[in-house]
Amino acid sequence: MNVGYLCTYTPKELVYAAGFTPVRIFAGDEHISLATAHIQSYACSQARGSFERALKGELDVQAVVFTRCCDTLMRLADIWERNTDMKVYNLEFPSRIDEKSRDYYFRELQDFANTLKEWGGDVTDESLRESLKLYWELEEKLKKLFEVKPDYEAAKKVQEMNVRDAIEFVDSRLKKVEKSGKGPKVLITGSVCPFLEVYKLFEEAGFILKDDICTGTRFFTFNTPLKEIESVEDGLSFLVEKYFNKAPCPTKHFPNDDRFKYILELAEDCDGVVFLLLKFCEPHFYDYPQLKEKLEEMGKKVLLLELEFPISSYEQLRTRIEAFYEVLA
Amino acid sequence: MTLKKLKATDRMKQIMGGYYMMGEQAEVNGWITSGAPVELLYAMDIYPVYPENHGALIGAAKQGPHFSDFAEKMGFSRDLCSYARCDIGCVFAGTSPVGGLPEPTFLFACNNICNTVIKWYQVLSRIFKVPLFILDTPFIRKDLKESYIRYVHDQLYEFVDFLEKTTGRELSDLKLKETLIKSVQGVNGYSEVLKMAKNKPSPLTCFDAFLNMAPIVCLRGTDYPIEFYAEMKKELVERVERGEGAVENEEVRLLWDNIPVWYRLRWLAEFFADRNACLVADTYTNAWTGFISMDKSDVFWSMAETYTFSYLNIGIEHTAEAINRLIDYYDVDGVVIHSNRSCKPYSFGQYELQKMIDVPSVVIEADMVDSRVFSEAQVETRLEAFLEMLK
Amino acid sequence: MIVAGIDVGSLTAKCVLLKDGEIVAYKVIKVSPNLEETAEKVFGEVLREAGIDKVDKIVATGYGRNKVSFADRTVTEISCHAKGALFFIPTARTVIDIGGQDSKVISIENGKVAEFVMNDKCAAGTGRFLEVMASALHLKIEELGDIAERAERATKISSTCTVFAESEVISHLASGERVEDIVAGIHEAIASRIAAMARRVKVEPDVVLTGGVAKNKAMKRALERELGMEIKIPAEPQIVGAVGAALFAMS
């Protein structure tokens, strides 16, 4: 069984350990039509576009896991359940990421493991140990690949694959990858962007890329070294650790404004920062003005690109990106 | 036609005037979200400031676009919640229709109404550089799990520590119990007022309910709502005894869904009254009647339960059930659904709800405060057609 | 009994005279900025054509219905289109009207409106969208249907916003797409928008398409493809709303 998910706070290790294949759901290239009958047009096109594919029968997934990342996805779970044959589960990832929410998240993971069991999957000490190891391997390899040169095509593809195939795939890319040349370095920050042409536009303009994107580095940046586990419980505790240390996302609340600190640190060796934001994406748009101000205080040039999926005019984007290059170069 | 005014509304304005004055004098205050457990603040004599009520007030004063513009100029997107935009805009503008809100001692956001408040209050905490407490209430899509209540319960204790540390005051158990009792009494009194709409003709419309809801939101846990709603109820009982409806010739009874369109409250009230339609109830004000099931042995547990199972924090099956209960209780013929651009958790799922509720419904597109997205001709046509269909 | 129905839309005004339930005259004119004058003008022209100087009752409908001060009462275009569609096609169960700035899908049960949906605030999926696209391509709106019929394939228009779609169309032109294909793409974009809206109500046959756009064969076919259903067009699709209004005036 394939288990779909939209948010990188979904503990896919557990899904895999249960014998299922976790598959990331992206919005498609097609015009959004069917979804319009179920959710208003002021929902972001990631939500509408993903749901559109489910309604069109394009997704080979039999279950979907939602986490509480924003108001839209919180509501989408019910709408999804009522209009598809898929099983729908909502794992209530805490909105507060701190000491106080650890126990709670542990309980949520336990409940999720039980649900996976109801779905016919079984998480054992052995299967969880194996799964944690495989994902660690995949994440390390992706990190290595991105250090040489960011490969958004690989990042996207592996999210739709079985983790073993994914590792093999990244290996093949590692063999071929060549270091990017010289040019101004830009940090791209935002939610999801599975449309690879966008990254190509940046490369074609002459930029060296670095990103804080949920379909890019935020997918594999966890900052928690692999630990040998003794039991499933032990493994769940490790997952709490792993997901609490994950590259922070604006949908969560961290003590000491960790999210801002994270971005400011990432931006340090960059010449400019591009906010690649999806229209109607509240978590990112609330952060934007104050984050922009802080970045500009650091002397960084900032550009806002507002996207809607599917992307209809690459030429408009190209003009903006090239102009930004001219500003920085 | 002229609308029938409730005398109580004048009294409400006095009370709320007093509430805003209190804020100017308060030594410590916390900015708080509308669905948060304010009882803890009142029990410690901490003045609660309600940016959402402030937003509604700005909307009703038709100042939404004006104040929102201050935030938009700073880079806050027009697609963000208009309460948040107005609130942030007023901070930059340094004023508002009530002269601006007092600067916060601390911020307190509970996400049982939306996830937006977390982001909004983060913005505020960076502006004012004051501590922010987030009360995280898991979304109850299906069952209310014990682990959810436990999590919220533990956070409530943590919040008390936070309050004591921030203000240097101590919470007295006795004072908290007293406050909670007042809260329950206030909520019951308010609930009785709303229930008067069961009468045919109904002595009040949802517009009366909207106009007079501020005390239960802002002053819950004090004596004011208890007295005020008792008085309001008396006036409504008198209307019922005289056989007088809020709308003359009440022919159609309707239910309103979502936050009011504040800048069009009067226009909408007249629109329906002119057509002998009475909006007898709404899901918004009723959201403040469902809660408080007070088990005196463990008030923190009760609070956790109550504030987690709040109207906007539950899955669609629960919501549909709640709406159908209102439809049945108030015997309504149709539902007017406000698809509110500013409130995603309230609005997404409405198309599904239309299929789950027991009577016909119509959707109008608007925003609670931002009048720039309101199209009079479109709304009028939809509503008129809906009434033609029901008759 | 002689009655009149006047439908003042955002682009055109229509007036129909009924004598004992039969259409005796009708007119369609372009709307001028003064809606009241427009209504008087179209009414005057119909009276002249029929050779009468007075009617028993007048009902106004459409976007400008409240500006027709000489009408006895107003009824919304939703009720009028349903009634008018039944007059022309008594088996109608679903009415789709693509209006100038409002499109609607009406479902009919037992001769009455059972449910209806309308577009949200934006103009995609309305006649206005076609108008904007026609002008971007330097074409007349009346020609669009015939041009689309000559398409080899339909160019994908993915923007839902009218303003963005306009620049998308221009960039398709710049990249050498055939005008015919682009026009076909525009029709598909509207049809898909309308079909999406229609899915919020029950779409049951017979489906009737009303409004001036119904004369456009390419639009009819695009909608049929999207809905997977045959669509019927009344003899005079543009005056359906006005006929409905006149029928209300009779009762």
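Order as written gives the chain letters A, B and C; numbering starts at 1 within each chain.
We take it that contacts are C-beta pairs under 8 Å (C-beta built on N, C-alpha and C of every residue); 3 or more make two chains touch, one makes a residue touch a chain.
For clarity, every value in this text was computed on a predicted model and none was experimentally measured.
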item: Chain contact graph, described as a line, ring, star, complete graph or other shape; value: complete
item: Most widely separated chain from chain B, with each centre as the mean of CA atoms; value: C
item: Chain whose Cα mean lies nearest the overall Cα mean; value: B
item: Centroid spacing, where centroids are CA-atom means, of chain B and chain C in whole angstrom; value: 40
item: Approximate Å spacing (C-alpha centroids) for the pair chain A, chain B; value: 34
item: Centroid spacing, where centroids are CA-atom means, of chain A and chain C in whole angstrom; value: 44
item: Residues within chain B bordering two or more other chains; value: 339, 351
item: Overlap residues in chain A, where contacts from two or more other chains coincide; value: 37, 40
item: In chain C, residues with contacts to at least two other chains; value: 120, 200
item: Chain C - residues contacting chain A, complex; value: 120, 122, 156-160, 164-165, 167-168, 171, 189, 192-193, 195-197, 199-200, 226
item: Chain B residues touching chain A - in the complex, by the definition given at the top; value: 74-77, 79-81, 84, 111, 114-116, 118-120, 122-123, 126, 134, 136, 138-139, 141, 145, 147-148, 150-151, 154-155, 158, 315-317, 339, 341, 344-345, 347-352
item: Chain B-facing residues of chain C, complex; value: 63, 75-79, 102, 112-118, 120-121, 200
item: For the chain A and chain C complex, residues of the former touching the latter; value: 31-37, 40-41, 308, 310-313, 315-316
item: Footprint of chain B on chain A - complex, ascending; value: 37-40, 42-43, 68-72, 74-79, 82, 90, 92, 94-96, 100-101, 103-104, 107-108, 111, 250-251, 253, 257, 279-280, 282-283, 285-290, 292
